[in-house]
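The same subunit A turns up in both complexes below, where it pairs with subunit B and then with subunit C.
What follows is the complex of A and B.
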């Protein structure tokens, strides 16, 4: 009565006028996704990965194509890890299968593309590839050094045996 | 020191006007020609104020509306704050097709929006923007202002009638009912102000407020009645029955498009500005205020009043036509009359003190 409700309403709008706004300016600002959000591209931590290919085996749709190369010491390394985004049903089984916690989602939901070729996502980055080569070289060098040592040892044994 | 004198003594605008007048005298050496040119400059300035106000208020209205609805409003055109939004709106309106409805009374129909702008712009002549800055500071200022502004009813009615549309016609009829009903309490609420200041000249009313208190403190009831009836006079929410979108599409504007519609829009914002100016002049002490020049004080008060009217608009729901008319005749008018009575008694009592 006597405009009391009107004043209450004006109080409400006054508070909202100065209060925090709900709008996000979408392309510039993005809402942070929740902890368990599944979506976007997979991210591979190339230092944690042991190339066991459990993720690929866990995938119900065969959406993960791996190229695993053994190094000179017979240890397996990931050279290429292709995530076929079009086949993926975002079941999260690959991430759960990973014992080393090397797989995760990048939580980027804006991944639509023009061509189907763009839907093959290579997870091994340039950095990861460099790491791969570095590890391969190192293993090769170590294997060669070991072979050399073994050869020398064998030689010594041979000559020692002769003596 | 010169600048300080200018700001304290005569006011920025009138000093500027004096210098311009001197320049015209030098150029033409003829008082009549110089006076005529000065009037032209004044008219140009007022039209400039109206158009700038329309641009600023469209932006302001969008922002105020958005903020009150927990949004952020225009944020794309012209940078992060959407500063060029009114320009985009204007370009959109100008590039629209001019649709003339079938079977309308074409001459009257085209005349409507133009005629509406005339009384709206005309009353700006009487407004004192600063000490001594008014295009025509006549001694019956309030009377003339009310007489002219009440002419704004007719263009609404004729554009509603000439559109040959039932919604437009209902809108036009509603305008007449609404604007005539709210004219009465508005006039009677101003009567208290006139009684206190003893003059109908607008600059005298402002001066009376610098001698006495501001009239918002001496005439609070009149202030409330005036603000409510001013909202109704400008056809803004909660009294926007003229263009009640949910009921009658857009009332008299329904059949107009493009620039013709933009003229209605312009008149609406010019009305909003003039009503805010009137509130400032009659109740908020006009250009009076410490430290800052008069024009700045005047502008600040006017903008505050514009914000209040926008605040009303985005807070209240629309009233029903019968509720609105009943409110005018049964509540506002008696209140205004009682206010006149008490003001009279007060003035009489003060003579004997």
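What follows is the complex of A and C.
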């Protein structure tokens, strides 16, 4: 009979009309993200980072711009870590490259922005920066102290030699 | 005596049923199509060139963006080519996982085909059903690799992470509902008189025509040639699994639809066997972090969801490929559009695009 198929199809729709709901109201209800979800913003754990720049070297699209400065004791520290969101492929290679596990995703997928200037994400937070200055100062103080000790030692040796 | 003349109609690049940005110039005699010429290139990103300026390992995420509906299969094709070039032996567990995710992705891609075919023919409801079920596969992938598209899961040498513990149960759950939702498509789409009318006998192709255009994948199987690289080359673990290669008879749009429909069942069969036989072990081969394949070239092909997906890679011994060429099945299948459209009506051209199932990301590369 012509139209039988159409009616069967409508039967399916009818069944679903009364059945379990397949959708949910998005902005009000949100799905939890999975454990491995890669997306949202990168988060840097400043205390773990050793400024080795492996993450930036692993990035296929040069989406990570780093500013690394050596302290007075020639140890390297991360001053600025910019994630260029617009260039990012969300491939996870940076996160996997980090041996210190200093990088992670914040899983907040709503990252669209109005302006392209907002697509540069600075990962070093105010706290991170404070930490950065703290370690820089500490290294400076230590280096100065060491230099002083060395100088005193040299002085002592000199005077000792004279006597 | 009234004067008659042919005229041209430009379809696309913003036409809703051209699956992305494809422009087709139709030469018409009234409602009848005399010639259909596809104009491509609107989505060209130069992926081959991009791959040449990235290391082998960095190149994998770009292959996600070729055929973005079946990224796993693209990852697989590229990784297999690099592995052949660098002679990397992939652990068995990784091979099993690859089969599972690649076949799941084939199902997802065929569901998109069914959905978009229904949509293009005016049955929006049909599309929603197919996308509902594809969503379940995307949930599985999200669990496995943390992404719902552009998976970057299959890596050179293996896969990026082991399957999470809850995966097996969830995948099993999905396989159980496959016959259920497939029956629903039978009821809502296959039996539908309008769909049958639009697909039966439209855009038929002979074996010779399909071969002359070098079509592959479901498009060649629809004309009755059982050409499936999983069987022909028997790469990876596929010879271990039992599955059939569905073929069509008349080579019309109906057969193209039915072949893909049957393939979903076959893929589900493969996944079931792979899940049951999944061995323990490593998921990543051991090879130097900085990969420098020896000088040489390789052409490796796999059965992508849309046909023969081939990667030709030339290595000059450095960390980056010297040349990459990708044999994209969508691009080559699309060459058959003209033959499929000639003599048909304007409305049938929409069915023809849909039945070829080209993906513009792959066509333009």
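Here is the rule we use: the second predicted complex is superposed on the first by the 133 of 163 C-alpha atoms of A that agree within 3 Å, B and C clash if a C-alpha of one lies under 4 Å from a C-alpha of the other, contacts with A are read in each partner's own complex, and residues count from 1 in each chain.
Everything below uses one rule, namely that a contact is a pair of C-beta atoms (placed from the backbone, for glycine too) under 8 Å apart; a residue touches a chain by one contact, two chains touch by 3 or more.
Everything quoted here is computed from the prediction, not taken from an experiment.
Peer 1: With both complexes superposed on chain A, which partner does A:13 reach: first (subunit B), second (subunit C), both or neither?
Peer 2: both
Peer 1: Is A:4 touching anything from subunit B or subunit C once the two structures are fitted on A? First, second, both or neither.
Peer 2: second
Peer 1: Under the stated touch criterion, which partner chain does A:70 make contact with: subunit B (first), subunit C (second), both, or neither?
Peer 2: In the superposition, A:70 touches no partner, neither subunit B nor subunit C.
Peer 1: Compare subunit B and subunit C by how many residues of subunit A each one touches, and report the one with more.
Peer 2: Result: the larger residue contact count on subunit A belongs to C.
Peer 1: Just to be sure I read the superposition right, which of the two partners does A:91 touch: subunit B = first, subunit C = second, or both, or neither?
Peer 2: Touch partner of A:91: subunit C, not subunit B.
Peer 1: Quick check for you: in the superposed arrangement, does A:21 touch first (subunit B), second (subunit C), both or neither?
Peer 2: It touches subunit B, and subunit C stays clear.
Peer 1: Is A:36 contacted by the first partner subunit B, the second partner subunit C, both or neither?
Peer 2: In the superposition, A:36 contacts subunit C only.
Peer 1: Take the contacts of subunit A with subunit B and those with subunit C, and give the residues found in both.
Peer 2: Subunit A residues touching both partners: 6, 9, 12-13, 22.
Peer 1: Tell me, which parts of subunit C touch subunit A in their complex?
Peer 2: The touching residues are 54-55, 57-62, 64, 125, 132, 142-147, 150, 152, 160-161, 164, 184, 187-194, 196.
Peer 1: Over in the complex, which subunit B residues touch subunit A? Could you list them?
Peer 2: It comes out as residues 64, 66-72, 75, 311-312, 314-316.
Peer 1: If we count contacts the way the header does, which residues on subunit A are in touch with subunit B in the complex?
Peer 2: Touch residues, subunit A against subunit B: 6, 9-10, 12-14, 16-23, 25.
Peer 1: Spell out the residues on subunit A that touch subunit C in their complex, using ranges where they run on.
Peer 2: 2-6, 8-9, 11-13, 22, 34-39, 58-60, 89-93, 96, 105
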